[in-house]
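A, B, C and D are the chain letters, set down in written order, and residue numbers restart from 1 in every chain.
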Amino acid sequence: MEDWNSFLLPYEQAVDELKVKFRGLRPQFAIDNDQTPIEFVTGRVKPVESIQEKLVRRHIAEDRIEQDLQDIAGVRIMTQFVDDIYQVVDILRKRTDMTILEERDYVTNAKPSGYRSYHIVIEYPVQMVTGEKKILAEIQVRTMAMNFWATIEHSLNYKYDGVFTPELSERLERAADAAFKLDQEMSEIRAEIHDAAAQRDKEA
Amino acid sequence: MEDWNSFLLPYEQAVDELKVKFRGLRPQFAIDNDQTPIEFVTGRVKPVESIQEKLVRRHIAEDRIEQDLQDIAGVRIMTQFVDDIYQVVDILRKRTDMTILEERDYVTNAKPSGYRSYHIVIEYPVQMVTGEKKILAEIQVRTMAMNFWATIEHSLNYKYDGVFTPELSERLERAADAAFKLDQEMSEIRAEIHDAAAQRDKEA
Amino acid sequence: MEDWNSFLLPYEQAVDELKVKFRGLRPQFAIDNDQTPIEFVTGRVKPVESIQEKLVRRHIAEDRIEQDLQDIAGVRIMTQFVDDIYQVVDILRKRTDMTILEERDYVTNAKPSGYRSYHIVIEYPVQMVTGEKKILAEIQVRTMAMNFWATIEHSLNYKYDGVFTPELSERLERAADAAFKLDQEMSEIRAEIHDAAAQRDKEA
Amino acid sequence: MEDWNSFLLPYEQAVDELKVKFRGLRPQFAIDNDQTPIEFVTGRVKPVESIQEKLVRRHIAEDRIEQDLQDIAGVRIMTQFVDDIYQVVDILRKRTDMTILEERDYVTNAKPSGYRSYHIVIEYPVQMVTGEKKILAEIQVRTMAMNFWATIEHSLNYKYDGVFTPELSERLERAADAAFKLDQEMSEIRAEIHDAAAQRDKEA
């Protein structure tokens, strides 16, 4: 790649736009006094070294980057509850400013590592000075508990690359299960409170 | 209007998105070492009191706001040189994420007050939780000198509403002319320097 | 209170400044290739209705607000690990741009509800047009897991005020314990990986 | 310099903090319905190449950078009127979060090039992870008209380095004078309107 700065510009633009777009959904729920399913939104462009490392690891030729690397532009939406993830996904499916190419539900079907998130690959048109350019971007939707686990797992992997014994990997996987059980417990508590409130309102 | 907060949400969203989109054009010029025609970008949603005042002044019924008020969402693009204005307009015309409904060239044909700017009214689709909503927005493109004059004229008008004697209005108009002459002088200086540089490069 | 907007201005300013200051610590760790103890930072000014409700609930006179309400300006720092909380607190203690008035360690000693966080009350000088004004602000330092629980607990409390049966409160408290156990498990996993890496480096 | 990223961190932090601090002054004027003297605020850290070029040009040793380069961190405050510049300077003098080391009034005494601005060199304490670090920063206060001229002059100088004939420099200087006359004309118009409004209020 001759000029990474130039290559990454439309991806940076896409991340900036998508962050503003998804954050802008929050106040729309507040208006109707509804609980927003979106707790917070983050985004990043994959660092050049990580792109290069992935090209090598996956045997991807440089002229195939745009089609084969789907997560150069990445945006993450965090929710409070597991159900909120699917509500967010439904909202994303209705949008006309992007095209969904692929959905992978690692919430219901966790990865072997224990990782959970809902992944959506989109095609997103960025308006450049020279005209429209369509790029791929990955949207990850996850609960705060899934994000807690994934953040720590990623930073351990990054810092201690290569010293994960099978036993440690297993412990991390069990921690992911515990985080998910916590998610389910919080959902149940919400459901019970919701029912109690409905009961109270009926009796009033 | 029952609920202004709710009514203004898509306009606020549009302003946030358009600011990110137009600011994102700047680094694209820097990449090619070109002078960027965009110096800075600002945006605002018209305050409720100003909307109400305009409805009364223009005899617009409340159910006609969306169609008849074109500047509830407003974005301003400032350039260094007069020519840059038209370059920006050309770039805007190529975009596929908005539809231009109307263009008014107050740069070549100043308003009687002396005001100069290039106005573009667009239809812009905002993705709401409930689906796409098309709103109108106004984009003003002007040089920094035009912006200097317009900012001061607006703040004097706002603070000293109704005490503009014809003589004062005339002085302000002459100041606008002087600002425009300054714009033209700067353009000429740039042209001369450009020619001198070209001449030097040819001789080298 | 005659004018809440005016009263809240220095608090808004303090929150804006503290967010920029604490976020600015992150890249300093990255430079030395150290794990940053600060995962993300949020901030808010307490809404007027919440202030008024708290004044009534705690029998605080309006002329005592500035001294008696310590959390009108609130900033939250989220960490990956429990130990990071204490590292952040140490860094805050060294700062010369604020004075720590009080520390409350709800990490080691959870509240009866199950809530965990480290609270620091500071006096922070804001430079107003009219001169320096010292205000109180509350900084909460917590892990992402503590934040996960506290965010959900707060939003359930807010939406379903008054329908918490003792049994539901107990379930929430047990969930807080589970979140804390998860925090401890993650810390242990990190410690083991750290030791394994040290061992490997020694053998190399 | 071994590590520019690390060296520039406190300067970047200072610029971020000063922008938030100066922008935060604007709403304080709005509260009292006063005209704000601050129209907008920008900031930047000097690019590494510009620092290196300046070191060579001014024969500054690398170990003298911190003391001898006063504009590595730069913040610019734009006003509507010339008088506003001095009001802003007065407000800055009262601040206790920075120490003014030097003031240079290029507003009254323009540089030979025609450049006008009020320059203030401050010592500003940044709180690093390792403790407080005092750095130098330069604040430039200027009207929008001065900024218009300076922006264009700088970009022409940058793009056409070395082809300024004496005649072109003279033309640029005359343009700076014209911009300043425009500033004075706007001030006079404001004064007259102010008097007319006062007269009207007296008669009412």
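Everything below uses one rule, namely that contacts are C-beta pairs under 8 Å (C-beta built on N, C-alpha and C of every residue); 3 or more make two chains touch, one makes a residue touch a chain.
Protein names from UniProt, one per chain: A, B, C, D = GTP pyrophosphokinase family protein.
The shown structure was predicted, so the numbers you read here are calculated from the model rather than taken from an experiment.
Asker: Where the centre means the average of the CA atoms, what chain is farthest from subunit D?
Answerer: Max centre-to-centre separation from subunit D belongs to A.
Asker: For the homomeric pair subunit A and subunit B, should the interface be classed as same or different, according to whether the shared residue numbers exceed half of all numbers used?
Answerer: Same residues, largely: of all residue numbers at this interface, over half are found in both copies.
Asker: Averaging over Cα atoms per chain, report the distance between subunit A and subunit D in Å.
Answerer: Distance between chain centres: 42 Å.
Asker: Quick one: subunit C and subunit D, Cα centre-to-centre, how many Å?
Answerer: Here the centre of subunit D sits 36 Å away from the centre of subunit C.
Asker: Indicate the residues of subunit D shared as contacts by at least two other chains.
Answerer: Where subunit D is concerned, no single residue meets two or more other chains.
Asker: Could you tell me which shape the graph of touching chains takes: line, ring, star, complete or other?
Answerer: Per interface graph, the chains form a ring.
Asker: Can you identify all of the chain pairs that touch?
Answerer: A-B, A-C, B-D, C-D
Asker: Okay, in this complex, where on subunit A does subunit B touch?
Answerer: Residues 3, 5-6, 9, 12-13, 16-17, 20-21, 24-25, 27-29, 31, 91, 94-97, 125, 127-129, 131-132 of subunit A touch subunit B in their complex.
Asker: Note which residues of subunit D are touching subunit B in the complex, please.
Answerer: Where subunit D meets subunit B, its residues are 35, 39-40, 42, 80-81, 143-145, 147-149, 151-152, 155-156, 159-160, 163-165, 168, 171-172, 175, 178-179, 181-182, 185-186, 189-190, 192-194, 196-197, 200.
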